[in-house]
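Order of writing sets the labels: A, B, C and D. Residues in every chain begin at 1.
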């Protein structure tokens, strides 16, 4: 129960909880974070890694910092808003990958700080040597392939990323949990990078931007990943956009696909 | 007192408190939750059970997560915003019922998570084997009787409910405390179901939807309840709605009845 | 300091604090609460008691639940938002009075619950046998003298107040800290009453309503208080209102007087 | 990690943290606070002291009470929102200066109270004998040089400031962290003053107002500081304003300069 106004016994209030289903042994782990955001770039990228690499779910995070709602799967089974941690063993010697993604970002600033802290705590627990966050950079002067901007926790890492073709992210600010994971990593002395791929802003799922970010990611870590599924999704998006333009119907509506996305609300 | 800026003695801040008046012995308890929501379906249903079964009040929950206001009863006596727990012994062997309802849902997301947690803690304390939450599903294509949608914490329970005539709730999201009680039950490994009865959305007290939800509930638990009072209220609503339509005065105003509802504010 | 991300030493966050300057011995204490609200009825009433009875300041409450601002007195000295506790010895045997008032109500619901809890803790500490809260009841059908409505924590007290000429407050709700002090007193088993004097709603300082509330209060506790200053202020208000009406300039502007009221903001 | 719903091990939530890089020995320390505000007067003044005196960074404060965002420096390296503490040894015997400034004020009232408390804790830790906060007073009747208003924690200090040419700040309120540091200092029995320099309100960086405040500050503490850089910036502002007026283009746009200011948002 909780504290009684006239007594002393107490149990603690509902708190953020990480529930472990397994505690894998990881070598030279790198954590990759993919929360929903502009163009869902990070979420698409991490979701793609999870599927392509057949990464294994090993923990989930639940929190009163997520929206106060639950969703129903197609089979009628309920699920809470949550974050998921998957791992992939990159034999024989790593770098193994720790993948983190969630249904949504916490709605409050305090919640965003808290989730970022929980995620980094887990990274530290598994001795991750690097944290990679991603996101979208909205622009109206899109190139093909999209440019990928990069920032990091130290100058050496920035230069390394520039060596792989990233454009240095000089000036500007990054809001939200992805940014906080990136910035708090510096405070906790864990090397971290942030990759922002250009995206038009009117696509809620920009597979082409996700692909660009993952290509840089692959080079950086020397981990090869088949990007075919993303390329296919990117082409479908492009065709749909072109069709809409041809029909002079203005900006294309959002194409909502995949997984745990919510449909009409019931209450 | 509270913490002093320059000292160390401390007592804790005002917290959510469950105050017990009795600690009943329950067999095979099932908790039924009825917070205010669309059409007040859950609240009406649980309120009806409470009256028909002559359920006994045994605990109340007070919380700074409820609105900062108090209400006055007809006799001038003050009451705080609160939740109430009643029980009914279903002799000889159950399932006994634990009924939970409240004046309102907490106004903040954190408060909704906290109340859901408190309610489930109490369910666990009394070894409830199942939790039932209810609610309304707003629709403009209403049938008679209203359809009842159902979701659950596992597929087996969903199928069981479909067997009783419920429509599987596939996809979608449920916001608010009713949804959180349902979802957190899964996290706490307590089987739970959610019954959402169709309601037009313009009735603040839809007795017909409450009746539909209770019929399914009765079959599910094999507990028979006289629904006459709800049928009567449903008919009165229907007559009032028809009258308003006949008079071409647009949508009927809300018919506010019953219990602890607030009247004009004074401050 | 506060908790370090990588360490364990900690001191607690800034909290609500009651700072005692004296710990008076009180007999049969009655606490009277006067926070700002509609017509400032409670604040005016308690402020008047404080001046007329030459009540002695013995404690102050500071809290991060008050607005994040400070005010400057005429002599340039800074003050924080705060609550004040005064006491008056009603020799030879009481009832002694504990007077509570504050610059403002906390801005958040949680803050209102917390302040109410702090105030009642202090009432309990001094073994107060009764808590009296006051407020205004906005109406457009004002009588002279204004009616005073009353609610209480039990029926007996309500009848007692009706005996003194109060109108039973049946139904309705009271929002804010005054209401919470009243309602939480019931939870903490301290008898409490709430007196709401009718006020037009366009006066920010209704001395006439405060006078009506205090007259009832005096009878209830058998404590006689000279109300001349309030009558004088009431007359001045009435003259000003009449003048404005005569000049057909619409509703009179607020006449701001006294004490710790804030003037133009600087930041 | 954090508390588990079904377990007991716990580590605490992310909290405000002061990270020390050095613990200087200070004599007769005076703390000077310069958070962003109207005209950025305080921030400019403290920033100027920091540069002119070559003050040494010795601690930083990080907090979930700051905005949930991170910024990128020109070299692509990430930084969190934070506050900085610098010190300057004023040989041979002080008063040494403790300088505090931050990227921003916390966005919530609770955060503002907390940061003010953290800052004063540090002042106390270094036995600061006085705290000076500054700010802008928006006015449309500007004089040259701008008037400086002053308030303090006691009348003696107010008179002392009037002796140096300040205008007593009588009445009014000061919102935000600067005000809270000032007011909480009184509660913690640390002498404090607040200097508010007149500023037109349409300049986001009023170097002339900062200069006026610093001149008074210098006299008060008998610490001489070269104000040339501020005078230069003031003149540039004035020229720009005049130019805009000449071109009859209405109010001049904000001239954003310096340090850690954020540029376009990316997310």
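Here are a few things to note about the model shown:
The working rule: contacts are C-beta pairs under 8 Å (C-beta built on N, C-alpha and C of every residue); 3 or more make two chains touch, one makes a residue touch a chain.
The shown structure was predicted, so the numbers you read here are calculated from the model rather than taken from an experiment.
With rounding to the nearest 5, the Cα superposition of chain B on chain C corresponds to a rotation angle of 90 degrees.
Under half of the residue numbers at the chain C-chain D interface are used by both copies of the sequence.
Chain centres here are means of the Cα atoms, and by that rule the chain farthest away from chain C is A.
For the pair chain C and chain D, the distance between C-alpha centroids works out to 36 Å. Centres computed as Cα averages put chain A at a distance of 52 Å from chain C. Residues of chain C in contact with at least two other chains: 5, 14, 19, 62, 187. Across the interface of their complex, chain C is touched by residues 12, 14-19, 37-38, 62, 109-110, 112-114, 117-118, 121-122, 125, 135-138, 149-155, 158, 168-180, 182-184, 186-187, 192, 194, 196 of chain D. Taken in their complex, chain A has these residues touching chain B: 1-5, 10-11, 13-14, 19, 62, 64, 67-80, 107, 262-267.
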